[in-house]
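Read through the structures below before going on.
Next, two complexes with subunit A in common: one pairs it with subunit B, the other with subunit C.
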Partner chain A sequence: MAILLVPACILILGLLVGPLCLMFRISLNELGPTQLMVEALSADNYVRAATDPYYQQIVLTTLGVALLCTAITLVIAFPAAYWLGRVENRWKSVVLIATLFPLLVGNVVRSAGWMALLDRDGLINWGLARLGLIAHPLQLMYTPKAVVFGIIAVVLPYMIITVSSVIESIPLQLEEAAANLGASPIVVFRRVVLPLALPGVAAGCTLVFVLCMNTYATAVLLGGPRFKMMAPAVYDQFIRSNNWPMGAALAFILLLFTMAFTVLGSLGFARRYGKVPRGPSERLAPA
Partner chain B sequence: MSEEALRGLVSSRSMSRGFPRLGRFIFAECVAGAYLLVFAPVAMIVLISFFAQEIVSFPANGLTLHWYANAWARPEFSRGLLTSVQVAMATTAIGVPLGVAAAIPLVRSRFPAKAGINVLLLAPLALPGVVTGAGIYMMYVAAENVLDTDIKGTMVGLVAAHTMLTIPWTVRLVVASLQGLDEAIEEAAANLGAGPFTVFRRITLPMMRPGIVAAAMFSFIQSFENLDLTLLLVGPGRITLPVAMLNYLEFRMDPTLAAVATAQIVLVGALMLVTDRFVKLSRIV
Partner chain C sequence: MSYSRRTFLSLSCGSGAALLVGNSRSVAASAGPIVVGTWGGDYGQLLGDLVDKPLATAKGIEVVQDVANVDPRKTKLLAERGSRRGSMDVACLSDTDAYLLSQSDVLEQVGADQVSRLGSVFRQLRKKCSIPHIYSAQVILYNPTKIPVPPRSYADLWDARWRGRIGLSDILYGANTLAAALAGGGSVSNFDPAEKKLLELRSLDVKIYPSNEALAAALKSEEVWITVMWLARGFMWKKAGIPLAHVVPEEGTPTVVFEAGVPRNAKNKVEAFAYLDAMLDPRAQTGFAEKMGYAPTVRDATLPEELAREVLLNEEERTRLLLLDYAYSTGRSQRTLDFWNKQFKA
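Let's look at the complex of A and B:
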């Protein structure tokens, strides 16, 4: 029966593992004087990515944006996740579908929506002007703030779904018992709900952080051409600069970050809680 | 969603005890705020697509359906839509059988390196799309040089890459539906004289149906809306809808683009609702 696995495995070996190996090999090549790739075995591209201020800036921006977005997302998502985890059954499917729907609509569409909101003549500037709060339109588009908000809106549903799945598994009686014994809602949250929800929080943060690091559409459309994150930088190296070795090296660095954070995230709470809770993407399909 | 409605939705048991009025109010506002942040851009796009003026501004100078016709008249969008639908259909038609075939032994048989193969089959979901896309791009170009034929920017190239991307969804969803399946039912059918093929066709397959239907929906949507992996793999004359939209948006955002985006929103929404009639999405997700 195991032979049934062969086609799917060949496809993934051929179109994922193979290309990534090729990419690693190409990242060790060099760019010749005529802008053509020259076979080599050097770590020059990695050294450049680590030392050249231009690339350093890209990596730091990406990490900074990802960290900030993850922190804000967690704070915004927690009440919604609690609500979704405790919502009555007949509403559950409606709310879940509503949470899932924006995820499936696609990042380009949602970034376009933010452009209509944040533009000089967009809804926010119009609204603020109508209320008399501003005399001139604010420059909201093509700012790091716009990117941060855009990314948060994109990743929020992932965090909500991941955290709510853990909250669902916390027996309500625990909260009621704490409340009966005199704990205020804030104490119940801090001493009962939050500690028990931590595995979900950790899983959600890991997933969201990785998604933020890999943002493409939101960064390009809301950040403008001067705002550089890693995924757009990889694309630029291939299409605009035609520098495959550097592009491959940047892509590999992004891949390593992604894998490192995923592994760290799961190891971190595996050690603490004995087992790895169902991850966020796994949450999209129960094991 | 209004605060009243929110309060009504929250189980009274969980909230009424101990939560003061103000606390409950703040909580409801926080929940509404989170969903507002997620839905505001989607709602905005739909709204803008009906505005009469060509440049996005508020308020509307009137409402029109003109931009939908305009969007369809632009070749990059009409052909983009066609390309995306074709790629997504082919991806679903190839990827779902491959994923289902792989899911069966993962649940039902023992073989060496099972954990490793499981990781391999789920890997495309965990790796960044731009990175994977860049790798496939270089491999396609290398293969083109060897084989002397076009791969990048062709239907075959796009469908192959998208199929790889959708395998994890199918495997995961079908594994989940198979794990809930009682093997005794299949054994009973075999005892009553059904051959292995009949057992599969009459018992196993129908019981996997919810997983397969959901897998088909996720595969289609995943392929249809994919941008990151596709970016480097499109070619002249064969550009998918999300890439066409991105290219357009780098120059301007207008009601024509909003009309295209609204069409995509409606398509995804309709697919989710239709799928939900066959299998309860909330039970799968």
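Let's look at the complex of A and C:
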């Protein structure tokens, strides 16, 4: 059976591990203004990224935006996911398609739509002015808030789908049994639904966090020139500065932070709630 | 004669590889459509109408446009430098990028034997490894309804009356830095005064826009009133109904030249040089001036008087034209970008 893994492993080795190794080697080179880069074995790019306040700020901004977006997305997505996981009527498929619909549109197109909405002459400012609520257009574009809302709009479907698939597999009888025994809805949620939904919550948060950390189009189009996150900074180094070694070093730092926070998050979940069950069947298995 | 299984497999693989190599060589040797790396929008459209189509009709050379911004194109050319066959036959570039690529040995030298129209090009604009396609001058654009007394120099932008009303394009950080250097007493070979001047400008709540188009929208909505920009862009924006006038600054007006070159690893060099020749055709040059406001780079392209008044500098203004010191600006490019990102935009 293990042979079934071979094609996927070859693909990953060839298209992910290989380029990553190559990029790590590039990150140790030095910048040559007219030679793209000069062969070297130097950690200077990593030292520069770690000690330069500019890059420190970019890392902090990226982490802050990613954590905030993940938290807000979870709060918004959970009720919708619960409803989707529980409802059994014809509206379910309609809502499911509506949830998936944004995924059919590319990030750039979606951000362009947000630009039309948030611009000084955009729909929101136009509407507020027509209602007489504002005298001058509000600055909605090129702000961190615009980026956060834009990213949430992108990642929300991922969280809803991931969490709802787990909630769907939690037997409704468990909630009914807890209620029968006198548990209030809050207690039912806290003691029954949430612990059993944790695998979905953990998976959804991981997925969304990784997407937020690597956001590019939304940060560039809605954040404007003054707002910097890691992915645009990597692009700037590769394409604008032609500093491939620094770009490769920043890409690795982004990868390390994403991996570290993902692992720490999973460990935190496990420590807070004990062993994360693989699914409701594990909890229901006879002793 | 008998073959073992191993010998048979080796021979089969060897002949297969030989066939593949032979085939790829024959494909590479045959002249297909030439690939022109260019900007999209008006520029790509005009190239299509004024160069690609006439070339296909006159010489049967088919053209495929590889549309992208100049930064990815420059990176692609540098990354492909070691390849035997590159992906582009002609690369449209800004003057600073063309200089960098010629220094990096990416571009072929261009001579009159390959590009016959080179003799008509203004001497000051000629380069070793590229042709100057179109050019313009860096001027001050302002809204005359908001600023009734026109500024005279770049230094006039540093005025508290324009607090929050000065807009700059982020992608033109090099040109903006040069304007700040000139305002501070610097020159095309001395950007040092720019750093102090840019910090002063930041304290005047200068607005930075991610693209020229975003800046145009801000000028149109009167969110900002004044900027530093190419005269040609001003011409286009005025045609689009944006209330603008221009001033040629007293400190001097740096030129911006959009050029084209042939990568050393281009597959179709003969056709690519024919393409450069067609770009210098007077009709094509006049067409770019009419639609985009860029000045012709050849002596024999004559513009109608009214158009010439709008897109060309007069005799007195021409004395203020500044040719860039490419060696200096390229050597300092990392510092310029770092200061722009880390200090000015921070």
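Here is the rule we go by: the second predicted complex is superposed on the first by the 229 of 287 C-alpha atoms of A that agree within 3 Å, B and C clash if a C-alpha of one lies under 4 Å from a C-alpha of the other, contacts with A are read in each partner's own complex, and residues count from 1 in each chain.
The criterion applied here is as follows: contacts are C-beta pairs under 8 Å (C-beta built on N, C-alpha and C of every residue); 3 or more make two chains touch, one makes a residue touch a chain.
Bear in mind that the values here come from a model prediction, so they are computed numbers and not experimental data.
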- request: Please work out whether A:157 is in contact with subunit B alone, subunit C alone, both, or neither, and reply first, second, both or neither.
  value: first
Next on the checklist: Quick one: is A:226 in contact with subunit B, with subunit C, with both, or with neither? Answer first, second, both or neither.
Outcome noted: second
Which of subunit B and subunit C A:36 touches, first, second, both or neither:
second
- Message: Once chain A of both complexes is superposed, is A:93 in touch with subunit B (first), subunit C (second), both, or neither?
- Response: first
*Return first, second, both or neither, reflecting whether A:147 touches subunit B, subunit C, both chains, or no partner chain.*
neither
Next on the checklist: Just to be sure I read the superposition right, which of the two partners does A:243 touch: subunit B = first, subunit C = second, or both, or neither?
Outcome noted: second
Let me test your reading of the model: by the given contact rule, A:54 touches which partner, first (subunit B), second (subunit C), both or neither? second
Across subunit A, the partner (subunit B or subunit C) reaching more residues is B
Note: overlapping subunit A surface for subunit B and subunit C spans 119, 121, 220-221, 238-239
Residue positions on subunit C within touch of subunit A in the complex are 71-72, 74-75, 78-79, 81, 100, 103-104, 170, 208-210, 217-218, 221, 223, 330-331, 333-334, 337, 341-342, 345-346
Listed in rising order, the residues of subunit A that touch subunit B in the complex are 1-2, 4-5, 7-9, 11-13, 15-20, 22-23, 26, 76-77, 79-80, 83, 86-88, 91-93, 95-102, 104-117, 119, 121-123, 126-127, 149-150, 152-153, 156-157, 160-161, 172, 175-176, 179, 183-185, 188, 210, 213-214, 216-217, 220-221, 231, 234-235, 238-239, 244, 247-248, 251-252, 254-255, 258-259, 262, 281-287
Listed in rising order, subunit B residues that touch subunit A in their complex are 6, 9-11, 13-15, 17-20, 23, 27, 30-31, 33-35, 37-45, 48, 55-59, 98-99, 101-102, 104-106, 108-109, 111, 117, 120-121, 123-132, 134-139, 142, 160-161, 163-164, 167, 169, 171-173, 175-176, 179, 221, 225, 227-228, 231-232, 242, 245-246, 249-250, 253, 257-258, 261, 264-265, 268-269, 272, 276, 280-285
The answer for subunit A against subunit C in the complex is residues 31, 33-36, 52, 54, 119-121, 137, 142, 220-221, 224-226, 228, 236, 238-243
